[in-house]
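Right, I'll just put the structure down here and ask away after.
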Amino acid sequence: MRRSIFACVLGAALLGLLPATGSARTLDVWIAAVPVTWDVVPNGRDAIGGTTFTKDQTVFRTVVYRAYTRNWGRPLPNLAHLVADNDGIPGPLIHAEVGDQIRVHFKNLDTEFKRPHSMHFHGVTYAPGSDGAFIPGFSGPGANVKPGHAFTYRLFAGPQSAGVWPYHDHSPSMHESIEGGLFGMLSIRGKGEQRPDREFVVALASIHGFETINGRAFLGNTPIMRAKVGQTVQWDVMTLGDEFHTFHVHGHRWVNADGTPEDTRTVGPAESFRVRWVEDAPGTWLYHCHVEGHMAMGMIGLYRVSRR
Amino acid sequence: MRRSIFACVLGAALLGLLPATGSARTLDVWIAAVPVTWDVVPNGRDAIGGTTFTKDQTVFRTVVYRAYTRNWGRPLPNLAHLVADNDGIPGPLIHAEVGDQIRVHFKNLDTEFKRPHSMHFHGVTYAPGSDGAFIPGFSGPGANVKPGHAFTYRLFAGPQSAGVWPYHDHSPSMHESIEGGLFGMLSIRGKGEQRPDREFVVALASIHGFETINGRAFLGNTPIMRAKVGQTVQWDVMTLGDEFHTFHVHGHRWVNADGTPEDTRTVGPAESFRVRWVEDAPGTWLYHCHVEGHMAMGMIGLYRVSRR
Amino acid sequence: MRRSIFACVLGAALLGLLPATGSARTLDVWIAAVPVTWDVVPNGRDAIGGTTFTKDQTVFRTVVYRAYTRNWGRPLPNLAHLVADNDGIPGPLIHAEVGDQIRVHFKNLDTEFKRPHSMHFHGVTYAPGSDGAFIPGFSGPGANVKPGHAFTYRLFAGPQSAGVWPYHDHSPSMHESIEGGLFGMLSIRGKGEQRPDREFVVALASIHGFETINGRAFLGNTPIMRAKVGQTVQWDVMTLGDEFHTFHVHGHRWVNADGTPEDTRTVGPAESFRVRWVEDAPGTWLYHCHVEGHMAMGMIGLYRVSRR
């Protein structure tokens, strides 16, 4: 069975549209690297610290991953009200289940900076040709896709692929690209594993001098995550770049895979994890990186839990 | 049943005074933010590197948490010979057991810097009003306690609260406060869990340009932890601020919750963990952060184990 | 039963020479600290970024650990084609099994810088005299071995010693030494645990301004790890110094001790871990630190898997 990215990127709110289980599915996903104008601080201010910023401090041109309808019909709409949106940073959340084949059709539409790009996927299985990482003398076309060119990555979600994983540019322009936000996440359910009611993508990264969550800095700009008491919520956390972060949610705890309760966890470059709980704490809470300097430079957001 | 902070802060040496178990207890704790003079290097020297420091390099005014007797009778004495002391950095160790209600009566006595302060507790359960974190437009009086004002935080140690956890200022002056040492720890035993014979608080933080353990830098200033062969020892480790550390104890190992032996563990901002073992290695040992630059700037102490 | 270091350092390729199991063995190992000329970038270039370096940027004099035959007969040869070589950075891989006694005969041959040196071993059990860590007023001769002098460290691989561990200088010249590469690893099998077919040492460290794997920077200089489909491979990862890294291998995943699959893991100063898998992915892959700046400064290597 094949499905288009259309269903994949609609995010948690529409997950009910997807079949509950599947076997030997092949998912087809269309994702391009496209130049966009990005504003790290759309409202121009740090609501806690009081600092204001001008647009020349916060707006810049960059290249992001954007999902398209089947066969590059048209870019999917920006679903800014959803967590797993198509706004650009991070790129579209790719949902799959253990056992799925995934074909990612990639096109480099970077006609502005004219840099090569690629996609390298963590957590999944693939042949070297789909690795997407530039190795002088060894790697093939999928590791160095020139502007105007395309490549299809063939991935498999094996038994050890359950979890959440980063994907990112690993071409010769990797370092500039990652600083500019050219990354996204895979969310792979275990075989038969229940979907959460709410799934929140939290991509922590230093971008344009700010400390961002999903490419935005400071309360009022970073995503507002929303859930209701009784819902199962899942947080998909990762970071890329040079920095280590500690992910913290107020008023909540979760239990580690080893049985240890925690409410703060270290995440280093290209690490990723998901945590789940059944929501029972109504209120307006903070989630943030607990590195003081990162929090002060914007890596903080709101989590709003309403009563049932 | 209610108990005052008096018993709570006396630390490991006097833990025998506490009832062995309890059910549906409510603990009352009185803690104020108070200005103090703090000396990071009381003996003025780095015993390993040989550098000496003048008092204008090591002494400064700051605000710390200090425990009081019931109803603000008087500040509890500084028990500098104990690990869980009331010297100021870190603030008093709050002991509880899963199932306990904890009421923390907080007063901001910062008449010197005249900054707002608060207490935010990790690991425990509470309503949003007791979160203690400043959120413009949402948070209440407990997140922004002005000098001369008071607030009572109502906490619950639930099943996932077993372990050790940081508490710290999360008011608008959070960043300056944490750099100045306005933090402490909770130590929550599982239901019916045995107390260790010795409990060592290790709060790692960069303070006043030094790398400190419990607010002190270099051998001769940092706490000397003491135990006897046959005793169960517990180390409560946490850090706050901008830095990541690796906690190491010489001549000893412990087993992770996942069964892996280790003698060094990463701890990032607001992370915390406890490790336990039955002491069997007499001698004078080092414990330290294994980040070379931190060790060189003072984050190192002595652990002395005597024969039974 | 006693064996010399000769067998110990020959590395994974020759492990078949070693007896499969042993009980109450005593291993004798001869290791000296010796001055050497070290070239961080032997081929003078960053194959990915294209930068070239002159020898005055990459070559320096330093002190490393080198293995000798029994009773200091002669230095063991540099087995540069093996992973566990005797080239100097890291020092010789010391293999043992839980239950083994290990005697490390150490000699300080640093006649050039004339600094004291020592060996401090993680993961194993020993009396304070074999700790090798300088503590003013407490430590003995093994913590401060002067040039021309020798010391024997007596270690025991107890039940909690299974795994891989760093060893390093912990004398008064520790900080300069570690920056210069005076460190190595222990690899201790559990009692009766099967040896892997291939064992790869990955010591991550900042050396001479480069980000190195086993003292080398950039593809073409860093070790090329090799395996065949069907072989059990083990990666022994550690770091020393000031930095945190994230170890990543392309095209592969492993399962944590807590059951979580991962392909990237944080390792902080003096932390260490081993991961194993049965090889099933032929190709030429990258392994690297995923901290962008470290990768760009050389912390990246090749892993080549051939068909059976």
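When the chains are written out, they are named A, B and C in that same order, and each has its own residue count from 1.
Basically, contacts are C-beta pairs under 8 Å (C-beta built on N, C-alpha and C of every residue); 3 or more make two chains touch, one makes a residue touch a chain.
Predicted model only: the values in this text are computed from it and were never measured.
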Interface residue overlap between copies chain A and chain B, same or different (over half shared): different
Turn needed to bring chain B onto chain C - CA fit, degrees, nearest 5: 120
Interchain centroid distance [CA atoms averaged], chain A/chain B, Å: 36
Residue list for chain B, restricted to those that touch at least two other chains: 244, 256-258, 266
Touching residues on chain B, where the partner in the complex is chain C: 47-48, 219, 244-246, 248, 250-251, 253-266, 281-286, 290-293, 295-296, 302
Residue numbers on chain A that touch chain C, as the complex places them: 120, 122-123, 125-128, 131, 133-138, 158, 160-163, 165, 172, 174-175, 178-179, 240-242, 244, 256-258, 266, 268-273
